[in-house]
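Going by the order they are written in, the chains are A, B, C and D; count residues from 1 in each one.
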């Protein structure tokens, strides 16, 4: 790894923000999203905490309070700011956070160009993957944060609704297969260990469900009929008053959505985005199909095109056989989320370049809509 | 099936209540439990709705409002009383509910002794299994309802804390196995279809975790250290102020618990009960082990003794391959709960005689403690 | 005071319950109401705690846990059951509570017939007034508790909607007046001290607002227009979805209400009941009038008929000049409620005979509708 | 009124913000406070809505969405942004809000220098008083918004804890007095009509309660003993975990507080600030005194020094005799808050120069601590 490899990924975080106003960096519209400013700082904090402090001789931290401010889930590392108050922290300012990033990058240059052990290089690689994950969250959280504003600001164009190709179904034959990470490349702990699974015959759709298809479900009363829904999903629809995917605006027969590039007319042929697992499962039920398991998805993925939407599977997020948490604070990374969440496979238009692979296991609680999450059907 | 088969199961529901005061039948101490009165009526409503109304010529319902009152999850059948207000319904009275039960039994006698089609017999068998399920809930809900009362009433002796035998670990060898229902006997839809699974080597404990062992975890600060807990589990511990299993009372160095037979000194060698999945998983982490999957449990269960505790597995409640919901209202029975819940295997001291089998899939949300739920460890 | 005086008041509490089923005594449908069983016991506890324990030689309490169970607001006396769990206490049973009442009455007979000091007699008199207050609450809480039941049980006939006479306005002339308790009879601490107030000219309605008049306000969109409402009142209407007085049922053009004697067609000429202060004030604003202050009410009350409805005034519940709390636990009786509540004057169809006087200051938070509370307008 | 009169008051709003960072203008830490940016815009909106739109020929609004964004309580004027989401509006930016202010001022210059009717001048005067009110809220809300930040930023020095002079008690003699606005100067509708009140003898403290005196109450267990508290106040203490005035930090025997000029050691002789009505009343009870009524305060105020703290009175906020709401949207200004709030008299270190008078009636709900609110005792 060269410093150029490093800085290229780091710079992308800042490029995503180049059209924002200072105010846009501050806010947090719900507990499950974070301010842009926080993402920029937290990813730097990761390098400071897990690389610079342990491995750079005589390193002096940028600011003693930042490890408190920008810590996240890592209970083992110390106190952390209350998660739902991140959007109330006006200081450090956005400018100070950019200074912090610059400082960290300078110090990281010393480490990277000074010659690293394999252990340090592995930790840096984990830090860069961590930054890429947060780049995607930065984009999806930003969209959520700005969406409540009636002015519907336009701040970023990532082509959210691309064209999709293909049609029909691909077949998987009953057999023993292997899933999970293989080879030398980087992976998260949750992709290990590679292991055998027994699959039965199944057909998986080549194409994602389109806006047009999902709109049919809406018009057919999909949100009014409990028989399509899980019991918890129906309670969610009722309590939250859900009637469409997130960001949709159905106005006098016309369909629009909010994108980070502003309000747009809906492209009916583009792949649906911003549905929860509950919606994905209800749609599949209505369509007489089901969602694939993550094993079916992984085996099938060689034969269909993917990468524009995170695809809800019908698999709960659970450890693979022989799963081992990494020791220490980094070990909190994945294992402790292995309950109550559903696995999504694929990648999305917001995923950083170079950050997707077919064994990647993304996961969210079943009610969340704010990712670029879509639906791929399968049947028997 | 004879009427004697039928009435024997029905009578058990009433026997469980023989030491209750009228007042005890009324209350509901939390949304996830129901009043005793409601269980007694709802199980009768099932026979009225799915057997008597469709199949008994000229049947006239006992009371026109009861189908509203005693409906449960069955959205397809019509309105239902708000779940958290069941404990506010003083009418129909307990006596009227017993009259209702008597009336239903008389009518059912006409059906059963009049000669049934196989379809009707299947529905009655489902109704009796449904009644047995509610007998167990009646017991666990009753315990929860009375527990808040400082008088800690004694109303039922079901030997909640039996002795347990055995020790050591049993081994399962890596191989393809089959799990799920097989044969002619009754099963729920969620036990089908029988299918192949690929297991790796694993060792499963012959014995359940005892009160003594769990008490060690408590004394070792298990509830104060986030590293043993899932992230959602730790939030639950913090928000609810959990520090022990449900019904435990640690007083000046002595350990007691509430049982339906009153407050008792803790039997340290008896199997632990009343832990949530979060607690089960945290204990396993602390002990350097893990919980078995439901497939591991089912394969292993031939070689250890079980039946006194529902045993939390590390499997989420999801459909088996080729799972089919039954059509119509009865189809709501199981499938719609297949998200956010964890599978428990085995049976408990509160399970009705004849209502357990090794393929049975019980399931609850991971925070619930009020069942007789315990822990069996596995490793490797 | 003779034992007959005592027992006559005590018996009325039980007479009010003579048509209830055992189940009806148990429940509590909201935190601000209490179970019938609790009222019956708490009023007895008052005599046990403030009369029998301090003044009856060798008195042994009926049950050691009852002082915990049936304590109410009296923080100075010891622990008290969590207020919102009163409806979950199935034990002591209704029968045991009646036994408790009988026991207390026997012991009180010893005190009363044994010759009392003036101090003891004063405390007994306070206890009897306390019991009368709870008789009214028993009635209003019972109505609230049964109202959620779709069967709308009929359990008590107290002629809730009497005819009303009179019409026009009475005049009060600008002057200095005196209000507050005067003379030898019983009063609560909050009616003292009698003091001078300066009133301006005002006209007060001879008659209460009728159901017909209030229905006009409803039909005129009174609940949809914020300009009639206090800011807090409007928030209450919106959040709670209020659209009529409590217990009203407007069905296809016909108007009904629930009474303790069952569902009835609305008597349009009867005085309105079951409105909150917010509704009373909004109605007055809509009608171009205002609510009287408690001083205006007290001075005017000699010249209009009252006693069927508690009448909301526009006075906040605050201490009179030279107000003194009684010392000790009984001192908690009134003073600590003197914030956030509005004064009601008069009495209602549920008030016990002999328990009303023109200086009586009743008080509730402004959102409560469950009393027999009505509206008297004034202007200028 | 000259434009110079106008602009002098307007400029003060901006001077208060001169040390803020852009981020500080955005946030809202609780529903009852507003962002700085919102105050700056809302006060301009007032002039636009009530002066420029109705009275300036050919006026074109600065931005069509601003009347939606910056409307406040004025239900009669149209939709308003959800109050608890003000802190999520990053756009319009702070810079745009300053532009908006500049634009409004230019237009107002046209009106003011073009010759106004008395009606217009009255509305402008109301607008300037409205701006001064918001200047005080801007300061107190800013303090609340920044306080959650562990960095405790220093942004404004208004000498929050001045020295106080005087001692002893002043006497008021029993008599008929007059209170309420008198003369030609500006007043709010709630200060009218001037009217007679009858007061009894009373003594009022010349000095406010000091930090030292209140600290004694804290150390004496004032927050642990329910007997000093109103029932609602005690519930507030328990539920919110209150143990000191807002902004206090008691650390290892030393006492500090947060001020807008940063964290400071407590000046024990300075007047106490940041207590709720509940705390004020509990302190008075503990001290064997009481709080004055607003009439007592107004009559006494000629003879003691005031102006550094808003002083809680024991008067509920209610209309004076012959109170008339102004017609139309401006009429919503005061009347609709006349329930559930307590009157504060005086002024504070945050009050704008020229914005205080002895008849001024400030009011807040009894739980709020975030104003510079203190305690003056009275007795007898």
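FYI, contacts are C-beta pairs under 8 Å (C-beta built on N, C-alpha and C of every residue); 3 or more make two chains touch, one makes a residue touch a chain.
All values reported here derive from a predicted model rather than from experimental measurement.
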Between chain B and chain D, the fewest steps along chains that touch one another: 2
Topological distance between chain A and chain C, in contact steps: 2
From chain D, the most remote chain by mean C-alpha position: B
Inter-chain centre distance, chain B versus chain C - centres from mean C-alpha coordinates, in Å: 45
Inter-chain centre distance, chain A versus chain B - centres from mean C-alpha coordinates, in Å: 36
Sites on chain A at which at least two other chains make contact: none
Chain B residues within the chain C interface of the complex: 21-27, 29, 65, 68-69, 81, 85, 87-94, 145-146, 148-151, 153
Contact footprint of chain D on chain C as seen in their complex: 73, 75-76, 176, 195-198, 200, 226-227, 229-234, 277-278, 281, 290, 314-316, 318-319, 321-322, 332, 336-340, 342, 366
